[in-house]
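You will see chain A twice below: alongside chain B first, and alongside chain C after that.
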Partner chain A sequence: MKAIIATTVFGVIMMFAGLWVNDKKSIAGLATFLFAALLGVTIWDLTTTSVNSPKSLFNDMLRSEHYSLWFNTIMTGCSLLYVLLMGKEVQKVGKYVSEYFALIFFILCGLYLLSMYNNLLMMFIGIEILSIPQYILAGSDKRNLKSSEASLKYFLMGAFSTGILLMGITLLYGAARTFNITEMVTLMHSDALNPLALAGILFIMIAFSFKVSAAPMHMWTPDVYDGSPTVFTAFMATVVKSAAFFAFLRLFQVSFNSLSEHWVMVLAIITAATLLVGNVTAVFQQSVKRMLAYSSIAQAGFMLFAVLAVNAVAWQGIIIYAVAYSVATIGIFAVLVKLKDYTYDGFNGLAQREPLLAFVTTIFLFSLAGIPLTGGFMAKYYVLLAVVQQGQLMWLVIFALLMAAISVYYYFRVIIAMYFKAGTPEISSPVTGGDKFMLVVTCALVILLGVLPQLFLTKV
Partner chain B sequence: MDARTIIFYLLAATVIGGGLMAVTSRKIFRSAVFLLFSLIGIAGFYFFLDQEFIAAVQVVVYVGGIVVLILFSIFLTHGSGEDMKKPALGRAVFSALAAAIGCVLTMYLISEHTFQGSGKPALEPSAGNIGAQMLSVTEYGFILPFEVVSMLLLAAMIGCIVIAIKVKVPEQKVMPKIKEETEPVELEVVEELKTEEV
Partner chain C sequence: MANLVYLVPLFPLIGFLINGIFWKRMPKTLGGVIGCVAILASFIISLGIFFEVKSASFQGPLVVKLFDFIQSGNLNIHFDFQVDALSSLFLLIITGIGFLIHVYSTSYMGHDEGMVKYFAYLNLFVFSMLLLVLGANYLIMFIGWEGVGLCSYLLIGFWFKNRDYTNAAKKAFVMNRIGDLGFLVGMLLILFNYGTLAYQDVFAKLPAAHTETSSMYNWIALCLFIGAMGKSAQIPLYTWLPDAMAGPTPVSALIHAATMVTAGIYMIARSHALYDLAPMALDLVAVIGLATALLAATIALYQNDIKKVLAYSTVSQLGFMFLALGVGAYTTGVFHVMTHAFFKALLFLGAGSVIHAMGGEQDIKNMGGLRKKLPITYITFLIGVLAIAGFPFTSGFVSKDEILLAVYEHNKVFFYLAAFAAVLTAIYMFRLLMLVFMGGFRGTHDQEHHLHESPAAITIPLIILAIFSLVGGFVQIPHLFGGHDYLNQFLGKAGVPAVIHEGPGLEMKEWTLFGATCVGLLVIFLATKKLFAVSQFDGNYSGFKKVLANKWYVDELYDTIIVKPIGALSGILDKFAEKAGIDGLVNGVGKTVRWGGDRMRLLQTGQVGFYIFIMVLGMVALFTLGFFWIK
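Moving on to the complex of A and B:
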């Protein structure tokens, strides 16, 4: 709860900073400081809440479970990492730097609501708080037509999926007679299951698939991720997506767990489609930024495994996947913003010009591809383990492994371009010592995740 | 057929007819006006169900606020008087099909299965009670969502300002160009929706 209040206050502080501070650099510095403070607040929240008895807040509107608070802390950590790596780049997008940071704070407020909600109403508001600032960030580079297109597309698609979500909530409320997701379980089982509840679940599933860009509701993703300013794509594709996944998992784990026989197959097909579309289309991309957009769809396919597995390992899986994927992707985007040319050719010869940049990018790509000793491997291991423990859907696990093998192809294309092709990559902004230090820290985090994943696990 | 049934069907016809005309009309201004009828029809339904407060809110917020804002933004955009481009046949067929399937599915579900009441005593839906519930921290109090929604509005407000504020030199030159490159229909929608958020 303290974290929610803190994000609000910090967001407002950022807005006023725009009024009083004219220097972009000091605004970014202030934002970094506030993100660090926010991390402190989330840790405070985490340590002051007892592990075994979740606190119910405001008539059970929110429930501060231990794993929710842990997720909040980790995601705030990722946001801090993001600001440290890319705070400088945010200044280049446009004039309204303080507003951009304020919007990022508001997104984090939505994230906290989504990780703790215990009421469909809060879930809905959380999703909206998470989405609306993103529409604006996507269109923040107003001189660029692609950015405006991304914003428009994202907004229309987002509004559309919100409509479907509301329809689902309505049907579910009608059938369960409550918005409370824990009470809903008992009410739905007290008498014969109302088919309207199943329709509601289906609608909510479709709406969430939109938000997490699962196929066949992924159409907006490549254009939006490609068109948005690269700095904001990095945030959207990582922290925000993880938050949507956590909300997805929370609802389906807490409320619809016992009804899983009814929806698991639909979600399994969505997962298979997501893996297939994401990985196969990524192979044909010429731009690394667009490839990363498709790769984020493919990664979403893996994260869906956590939702599919209705057991405790799923929580571990989603948290470790979220952090491994976010850290590696933020790292790659931090390298990408330094380059002028986003095509594969733009990476040609990077190893000669900036050996360190090439090296950390290689580690990040290893992680995304799921090579052992990196975070991505452990993440994939945990989400697949969750499903394997469930004892069904083995075909899907095997299919996922096959798809992971395909993903190696397009991730390694970047590595090949960097190390084995000659060229002079154009660097748009100088790589300072601070940048290098942060990239090495990020890289160390990725490896730490792969070697000691238990540091990031929590009691469920 | 008693008067209630007749009124119900009249309202339903207004809502559905208005909605259909809003999406099929070629002129964006007319679409907005038809939307107005549709929303008034929904307000009528709330009156019909004796939910006077919600009906009043519907009229004040949607009819009086949002549609008027939409009309304003249409006036402020270029080419609002022109006919919109006809959508491609394939697209029209598929969207009609999708809408029809969704409609039939929900209609079938709702007609086959009914919602049951919770058995708890209902509160009088007066403005006083609604206000008290919204701001109360006791059971069924909605103070937290009420407060959190203000965050949402703040974010939307900042967004509107960031998007609407003028960037000095290049934007004026770029704007007309967009029209040629992308479909003009979509461009008009964005302005309209962005204003709606305020």
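Moving on to the complex of A and C:
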């Protein structure tokens, strides 16, 4: 609650700061300070809410559950990490640095709404607040045609998916006569499910699939992620996607849990298709940035397991997956922006030129591939465990493991290029001691997640 | 004090980490000091633990819980240490003798550029061994067991630029792995049958001795014994130990005296409750032990490498220990481990001192008459030889006498064969002593010129070990000489059973043994001098002697019947199964995925209209599924 107000105020402050301050560096410094302050506010929110009794806000429009606040805190932490790692790169995108940071604050506002909504309208507003700044960020590199193309494509297809989402909400309202997601549970019965309600659930599922880039609604992802300025791709692919997943899980866990027999198979097919498309298509990419776009589809396939499971472990799974995936991906993008050439060949010989960069990249890739002792392993473990505990869909778990094996191929190609191929990678901006320090901190976080995942879990 | 037991392995681990991480930059002296201090600290705590265990107030085995190690379903394995008489005695042997060997190494390895790395390995070795004896369940023992195997590999191949040395290291590792497989299977059998690996829980589930027979006990005991065969160098897995001489000499001392080879004895003594129920496996232990004792003793007769003689003597003495275990005299086996640790460490370190003085020469053909130039080494070595040969009242006499007595009461044929092996022991040890220290020098003039006594860091450990080799047996003086069985009583607290000798005729038997030993040794001493023609020794053998000098051609036999056929088989499998079958399958899967990726990539046309068309198609498909297929 305090965080929602704070992030809005901070966003406005950033916008006005752009009017008075022309120095990009001071703006970035101010932004970093405000992100740190925001993290403080989320922690304040977290500590002042008791674990067992969620607070109902604004006439039950929002409900601040403990795990929601925990998610907010962790994601704000990831955003702070993002700003610390990439603040310098944000300054290079264009003239309006303060506005980029302001938009990121507004995105976080959408994230907070999505983790706490208790009403379909708030969910809709949250998704729009989350999405619209992204359309702008995607096109922020105005001189670059690809960036403008990405922005326009994202906007067009996003508008399409918004239509689907609204359709779903309307149908659900028709069936349940309420927007309140907790009240909705009692009004729909599994044995005689209204076809309106089922259609509504499927429409909402498809709209969310679009937001989390699950097949067959994933088509926008490679083009948008590839075309957008790399710094903003990093944010979209991590924090934003995690927020969409959290909202997805929240609705399906709270409202549609008891109806899972009606939709679980459809979602299982979406999951299988997502894993297949993401992993298999990533194999043939020549650009690491585009490979990461497909990998984000593949990782979305794993996160969908949490939604499939609808149990307590799923909450732990989504939180640990969100943070493990976000931290590692932000780390990889932080290395990527340092390079001029985004193809695999651009990484050739990096281990000789920048051994530390090559090492941390290796750890991040290990984490994405799910190698033990990294966060990615624990994340995959928890989401798969959640499904295994449900005792069905074992075929999907096995399929996911096979797909994870494929992912090793395209992740390790980068490692092979860095360590075993000769070449002189071109560095676009000098790697300073501060950069190295932040990368090592990020790397340490990845390993900490893999060794002591309990630190990042909370009571659900 | 016993609650601080976790410190005992912790210090060597810290020493290993410090030396292991900074070995490139650390000064040699500092590395040596860190290595020694780590073991000394462990030794002091071990002493404290020992006296606490020895005190009357100590009640039964103490299990010190450290943390939960593996929890999965019904399987629940804790990382616990067990403190009792058996483990505390081994702690003393490992850290005490280990410390002396560390001190010795500071001088012996002083000129080696990899000295800090060497100390890191040495500390890791001791750490692994401590883990092995301290673990309160078989899994932790297994971790230590594997760690010991790894460290022996690292140390035997320490001078890895020499191809033969790395081959010896590989041989040791592979032989040990064969044994480890047996241990692993035994462990799984225990887990499968009893659902736990903790000693106390497993043994509590065993029925009282001899009330119930089941082939399962024999199978478990047999599998565990296969593990012991590998680690403690028994037939047929003994050939790695003599080759392990490739490592630096103090490492040999460490492997032969304090760590590694005693692991098998410890494991069987620890599992005695199980072996008591497995008479067949126990008989096998005795037979294998006896056969190994004899075989190794005959080989040792005609070896020309000073360390090889000692190596085969270790194999032979280990055979004696297993013989003792096999006839049910568990405490006696452990007792011989202890006395053997004293004199074998002494002999190896003495041999190291000789090699050091000879400038790296190990062939006794080129030695002789060293007693004048190396007086301290000579005297201590002599004490070691007397002890291992069983000269009355030395430690070796007491323990071997006890083994023979136990065997005599078990089986007369075994006794005569074991006594014969003991005679052989005396012969080859006297031969070694004479060829090295007596007569005239047979080496080059240059070597003679360089002969010198070793520095204090080498001689002081020798002197300390010599004293223990002399008096170490007094904890268990034979009944005949009015002694006590302190050790039996001590180990009895851990529930390790002893063979109690009593009844009429006992004194007679002991007198016979004692008398025979005295007379026998004198005869052997005189005979050896003639038999081996010390004065004109040239190191060449013919006829049967050559067979013995070539170790009964066992290495060649293994090579022909095992290594070569496996090599041929692997060649065939590589050609047909691997390249054609498995590679084809694996590459086929990879190619299919790549092909799929190449096709699927084309779906991404970049046209928004096409994307939305695909989305709509997907939605229609999902709706059809959701409405008509599911329910």
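Brief remarks follow.
Methods note: the second predicted complex is superposed on the first by the 457 of 460 C-alpha atoms of A that agree within 3 Å, B and C clash if a C-alpha of one lies under 4 Å from a C-alpha of the other, contacts with A are read in each partner's own complex, and residues count from 1 in each chain.
The definition used in the following text is that contacts are C-beta pairs under 8 Å (C-beta built on N, C-alpha and C of every residue); 3 or more make two chains touch, one makes a residue touch a chain.
On a predicted model such as this, the values are computed, not experimentally measured, just so you know.
Once chain A is used to superpose the two complexes, chain B occupies space next to chain C without a clash. Look at A:Cys109: by the touch rule set out above, it reaches chain B but stays clear of chain C.
Of the two partner chains placed by superposition, only chain B is touched by A:Thr178; chain C is not. Our angle of interest has its tip at the CA centre of chain A and reaches the CA centres of chain B and chain C; in the overlay it is 160°, to the nearest 10. Of the two partner chains, chain C is the only one touched by A:Thr281; chain B is not. In the superposition on chain A, A:Ile270 makes contact with chain C only, not with chain B.
Judged by the touch definition given at the top, the superposed model places A:Ile206 against chain C, while chain B stays out of reach. Once the two complexes are overlaid on the shared chain, A:Ala215 sits against chain C while remaining clear of chain B.
Applying the stated contact rule after C-alpha superposition, one finds that A:His262 touches chain C and leaves chain B untouched.
In the superposed model, A:Gly139 lies in contact with chain B only, and not with chain C. Touch criterion met: A:Pro195 reaches chain B and chain C at once. Here chain B and chain C are compared by how many residues of chain A each touches, and B touches more. Nearest C-alpha atoms belonging to chain B and chain C sit 5 Å apart in the superposition, given in whole angstrom. The intersection of chain A residues touching chain B with those touching chain C, taken from the two complexes, comprises 156, 195, 199. Put simply, chain B touches chain A in their complex at residues 105-106, 109-110, 112-113, 115-118, 137-145, 148-149, 151-152, 154-156, 158-159, 161-163, 165, 167, 170-171, 174, 177-178, 181-182, 186-187, 189-190, 193-194, 197. Only residues 590, 593-594, 596-598, 600-601, 603-604, 606, 608, 611-612, 614-615, 617-619, 621-623, 625-627, 629-631 of chain C touch chain A when the two sit together in their complex.
Residue ranges on chain A touching chain B, taken from their complex, read 4, 8, 11-12, 15, 57-59, 61-62, 94-96, 99-100, 102-103, 106, 109, 113, 119, 121-122, 125, 128-129, 132-133, 135-136, 139-140, 142-143, 145, 148-149, 151-152, 155-156, 159, 167, 171, 174-175, 177-178, 194-196, 199.
Residues 153, 156-157, 160, 164, 195, 198-199, 202, 206, 210, 215-217, 219-220, 222-223, 261-263, 265-266, 269-270, 277, 280-285, 406, 409 of chain A are the ones touching chain C in the complex.
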